[in-house]
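Reviewing the structure listed below.
So that you can tell them apart, the chains are marked A, B, C and D in the order they are listed, and the count of residues begins at 1 in each.
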Amino acid sequence: MTKKNTSTNTTASMEDAAVKGKGSAAETLFGGKAKPMFTGKLSPVKMALVGLLMVVLLLLPIYLQGMGEVLLLASFVLIGLYILLALGLNIIIGYAGMLDFGRMAFYAVGAYAAMILAIPLANLMGDNLSQFAFPFVLIGSGIVAAFVGYLLSLPVMRLRGDYLAIVTLGFGEIVRITIQNNPFNITNGLLGLPRSGDVLPWPPFFEWLRENVVLVMGNEFYFTVTRNVYWYYMILLVLIIAIIVVRRQDNSRLGRSWAAMREDEVAATAMGVNVTKAKTWAFVLGAFWGGAAGACFGFFQGSVSPEPFTFLNSVIVLAIVVIGGMGSIPGVLLGGVIIMGFPELVRWFAMNHLGGGGGDIGGQVANMRNLLLGLFMVIMMAVRTEGIIPMKPKLHKLYGKGKFGGTDGAADKAAEAAPSSKGGAN
Amino acid sequence: MKSKLRFIVAAMLTLALCFALVACNGGDDTTSSAPADAPTDGKTTFAIGFGGPLTQGSVGFGQGALRATQLAVKQANESDQARDLNIEFRVVEADDQSDPTRAPVVANALVSERDLVGVVGHFNSAVTEPAGLVYNEAGVIQISYGSTRPDLTHMGRDNFFRTCATDALQGPTAAQSAWDLGFRSAALIDDSSTYGQGLVEAFTTKWIELGGEVLVEESTQQGQSDFGPVVTRIRAAGPDFVFFAGTGDATTGAGGLFARQLKDGGVEAPMVGGDGIQDQVFIDEAGATGAEGTIATKPGMPIEDMPEGAAFLQAYEAEFPGEAAGGFDAFAFDAANAIINAVFEVAADKGAAEVATPAGRRAIIEAVHNINFNGVTGPVSFDEFGDNNNAIITTFLVQDGEWIAHPEIHP
Amino acid sequence: MAKTETQGYLMQAIDATIQFGGLRAVDSVNMNITAGTIVALIGPNGAGKTTFFNLLTGIYTPTEGEILFEGRSVSGKKSHVIADWGISRTFQNIRLFKNMTALENVMVGRHVRTSSGPFAATFRTPSFKREEKQIQEDSERWLEFVGLIEHANDLASSLPYGAQRRLEIARALATEPKLICLDEPAAGMNESESADLDELILRIRDELGITVFLIEHDMKVVMNLAEYIYVLDFGKLIAEGVPAEIQSNPAVIAAYLGEGGAEALVEERRKKKAAERGEEYKPLDTHGAPAGTMAEAVQTSDTAAAAPATAVMDSDGVVMVAADENKGE
Amino acid sequence: MEFFLQLLVDGLTVGGLYALIALGFTMVYGILLMINFAHAEMFMTGGFIGYGMLNLFGNYTTIGIVSDALPFMSFLKSTQPFFTTTALGFIIMMILVFGTSAVLTGCLGMLIERFAYRPLRNSPRLCALISALGMSLFLQNFVLTFVGHRMVFPTPEFLANLDAINVFGYIFIAPIDMIIFCSALVLLFVLDRFVNKTKLGKAMRATAQDKDAAGLMGININSVIALTFFIGPALGAVAGTFFGMKYGIVTFNMGLFPGIKAFTAAVLGGIGNLRGAMLGGFLIGILEAMASGFVSISYRDVITFAVLILILIFRPGGLLGESVVEKV
């Protein structure tokens, strides 16, 4: 008796809710048919923007190299490398909500793995094919770094946020010092790799492109595929692949388990998320991109030595993610451009367009960069915790919207439609 | 949506490819015709690249060497040869900030200069190596004025030369000096820098050869400031002297701190080191008592003692009033002159238009291999690997809180 | 209810105990839950009810004894494994994933019944796409079931309180549990919301056939819904039985009313209610209080008039009153 | 044996410095549950202020410059010999130098807390951590840009003339080491009494236990936290000035390594536990001395970091602390 009563009540209230829901802001903004949203897909406007950006990014080096603004072009290569690093870190910090202050450890592991793998692989492939060693080396060093990430994830599973930060910091230093101390004569200490006498294989098509592509227009414009140009495109390519892959992983079951873990670990595990596994994957996939960035860096530079893998550089990568927006890929891109690009831009401007005294200004700006970076991090945390471009909630276009209204038979249909429970009394 | 993105990307790639294909019409012809002769009074302009730390890192050394290069270029432009051949040189500077990561960046920037004939640089060995790879691939001559790491000339790059002496010479000289002073047992400390490790290796080889004994071997890390336990070990071992291969500055190698703590910890044995500690910073940080009696070797010699030193100093002072010429400036000056002389030679042989071509650049490298002229540091010529045949090393000693050049100069 | 009898019970606690330092938060609790029933766990604040839920869902491990689910011991099992077995829960202080949408919250619940990994996600395999579509469709149905489909793309934190409670239930249901543990689902709800909730809980059992195990302070809800009640006090099980038995159980009344008597308890409850409503708490007149509350209670509960009112708990109709009609499913 | 004892002496001196820094970490963590990365920079700032003060009292050149700018300060010229050469003067100068350094750095610590951390008190802990890291970066580069990357500490003549203490004819204890060790012990003892015996100390402990409850009991949480952010940096500043006197220099980045080591010490002792931090500081100092004496100084930091990681994994509560169960 009571049951029946309340049953109709519920239906009524559900109808109420439905009526109310139709007027809600969320409905008109996201849920309505007028402007459908797809998980993992971009809206046409965004698509056009991305297309435009792509055109600019593809043509930019031709212009810069052609006009002789080479230093500026080279800065883009560095920016690209750091964005790649930050993308990996973003998986760990932004998606999974864990802290990693030792990003350089994976960068270093990747760079060294690339150096170690490349030479035997090139020899194996022979003179003609050795230029195609790079893609394999890239993936190989990513996997090596991912394995190191896996090893690191084993002991730190139980650690809370700030302890995790300090442990990863320590790990970063351990890796750097160990590389420096040349254990088992693998890393060649401070001299770095490759050892004298060994030469890295050329990356794919570089030799051909360099010799055959020349673009001349008048007296001013002279374009050839230099190392900077080549690596600009190569890193852009890796970056695009990375963004697609990372987005796909984020918009999946794994991505949801990261988000749940980040939001509330206890609730996530009670809802059946294997937190250990999710954390391990975050570390592994984050480390993979760190390693891939390291391989690009090693090949771009032609050799690696332990100097660049300092704590300060780990902090810069962290700042890119935090200031850009944790968990937001556009944020990371913007963060990278701002933090790596701005000082370079000022330095370039000072050196090239301010005449003789320009050099000093450039140096001062570079020093000021870290100062401003620190201040920026403090202010950002106080004013806009989520970064310049915050992470957006993932909106879905509903499949079954309106299928079951608040009608009388709703309960029965719902029961039918609901996935049959394994348990329960029959 | 997705197919649209694919389409855009594909269109972009096709566009870029078309660009490239249009551009590649026969490669070499275009390249050779490309270096448009800059139409300044019909003169052929050549760029001499300069690479070194100009804003960060070892700024003092970099700026000084840049001035020396500019001086060499200025003198060359005023010379009769330049007038006869209708040639003009200019300096293109690149700031590597002593940062290996920036090395390929700036090297690429220099290589992109179409009229580049050679590079004077870089200063730090860790920068010279990755930058050198770029010059090597581009077939451009590189002459370093300050990179003393021994293996740089043994990397199979025949375009690489240096005017300064290597640690491979400095280390043995230091070992010989120590042996001559009657020392027989050593404690070897390096600061875990490329420089320090190279130096200590060269030293050890010679020291063992002489019959010397090694009691303690240690490497300190950057950023460390407490060496108490190492001092304790040294005191326990009681060597005749402590060889410190590293720099003096506390923010890098901390040689000064080490010397101070040796004295504080009751070690009476003197410290011997390379050019890394031969500066005022070391004495400041070690304190007058800590530094007293320290011996250091240094490539080159005080400029005023060099064969052409007086003339160089005079010209330098006239060109850059108020700036004192530093230790590596003379090497940079000679490096620039080596390139300039080679360019004159090639230009006279093949004509000025051919100098900045791949063949011309090749010819410059060949010419430098056979060059022989009287530089500020003495006769300049290179051995088969590219090291200066006339490597000079001077021994210094701290007396009353100042570095004094030791009388014997080892060739 | 002998412990040796495993057949027919979905969940069994056998001497389940957990000790924090010197405190036995849950002390030798024995419990049997038959599949398809609605069982309530009640007791005063701090009696160890939530701790027992934590034991059951693997957040804590019993120090002694064990808890069997379908004959398997949950001791030492991770929470996500237990969720996989078919125990799901909500939390006393709502623990939604605040910065995710309602739909995504429920989709997380599907995690345990799906399997695609990072490689499938990277290459967007057909099976991945199929599964992803299935996850979303299923999740939409669960939202539909609790009446929140209109809020699918709203942030969980932006939902009203009652909706958040229901979303938590939807999320728990999405794991397709056999046993759903609801920790004070009616807390902070007003009368009509609470009535809706009663209905929802009944539907969970009747339509989905899921066994419901709930902790609740709102005695009206408990008496309306529960077919069997366990009472905890200071970690110990002090009574069990059908609602009528519990209402008349002297140990229960003593536990609730305690040594301080009815007044103290009434005051406490009123204080809590007042705080929930954001009103200022007004102490009751000491003399008139018990009688007054009794009278109010009788007025608010229509079924109470006929049944013998054994105890009175506070002035808001939260009463342990006989309501025989509620049982007998 | 002598070798071992000498290493022990080395370790205890450095350990004293670590203990002083570790206290700042542990106090802040105890109350705000936050790793104050900027604390290492308090150590550095303290060192630089100490450098300035020592020059003001003991360096003729500096005094000359100061007197020219501020004529009323010219009395320093006449007091300089008294301060640098006599025992009494030396002690007075030390008190002035350390006092100023500690007070100024303490105030800086309070300022940082007020403007960088207080707005974040209710934000996720990640935010405070990143803010602290940013503050650390800022302070380091501020000093680098506007002060200098390195300052050479003057050694007062009185100290330079003291002979090293020689135990058993073998173990050398430099006078400054002796001063550091004794001062550290005294400061640690005073702080321990302060926290355990005084009313303010009780308020601090109460706040660390439960901020809200302490607030309800009438404790002004903000002042207690401010006090914590005064005491920690002040002790760090003392350590920084001692560092300068022992090693003869202060550098802009001198905080990083001692900072991490001190944090390790705090964790080793049980973070939040004052006596634990003191114990941890000395233990880490000794461990490092032994590691560099018996293994190699190049692996010293690796060993320390490895110890940190092992403690965090196997005994997150540290030696004297208790591990906390998260409430669900």
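Here, a residue touches a chain if its C-beta (ideal position, glycine included) is under 8 Å from a C-beta of that chain, and two chains touch if they have at least 3 such contacts.
Predicted model, so just to flag it, every value in this text is computed and none were measured.
Steps from chain B to chain D, taking the shortest chain of touch contacts, total 1. For chain C, the chain whose average C-alpha position is most distant is B. The chain pair sharing the most C-beta contacts is A-C. Distance from each chain's C-alpha mean to the overall C-alpha mean is smallest for A. Rounded to a whole number, the gap between the C-alpha centres of chain A and chain B is 38 angstrom.
If each chain is reduced to the centroid of its CA atoms, chain C and chain D end up 52 Å from each other.
Centroids built from CA atoms put chain C at 42 Å from chain A. Multi-chain contact residues of chain C (touching two or more other chains): 59, 91.
Across the assembly, chain A contributes residues 177, 180-181, 266, 364, 367 that each touch 2 or more other chains.
Residue positions of chain D touching 2 or more other chains, listed in rising order: 256, 298, 301, 328.
Interface residues of chain D facing chain B in the complex, by the touch rule stated above, are 2-3, 6-7, 10-11, 13-14, 149-150, 152, 155, 160, 164, 172, 174, 243, 247-249, 251-254, 256-257, 288-290, 292-293, 296-298, 300-301.
Those residues of chain B whose C-beta lies close enough to touch chain D in the complex are 192, 218-221, 223-230, 232-233, 235-236, 249-251, 256-257, 260-261, 264-266, 284-287, 289-290. Note for the complex: chain A touches chain B at residues 38, 41-44, 47, 50-51, 54-55, 58-59, 62, 65, 68, 70-71, 74-75, 77-78, 177, 180-181, 189-192, 196-197, 199, 209, 211-216, 219, 222-224, 226-228, 297, 300-303, 305, 307-308, 347, 351, 359-360, 362-364, 366-367. Those residues of chain B whose C-beta lies close enough to touch chain A in the complex are 1-2, 4-5, 8-9, 12, 15-16, 19-20, 22-24, 27-28, 30-31, 34, 36, 54-56, 59, 94-95, 97, 99-101, 103-106, 108-109, 111-114, 126, 129-130, 133-134, 137, 149, 151, 154-156, 192-194, 197-198, 219, 221.
Listing the residues of chain D that touch chain A in their complex gives 33-35, 116, 119-120, 123-131, 133-142, 144-145, 256, 260, 263, 267, 298-299, 301-302, 305-306, 308-309, 312-313, 316, 326, 328.
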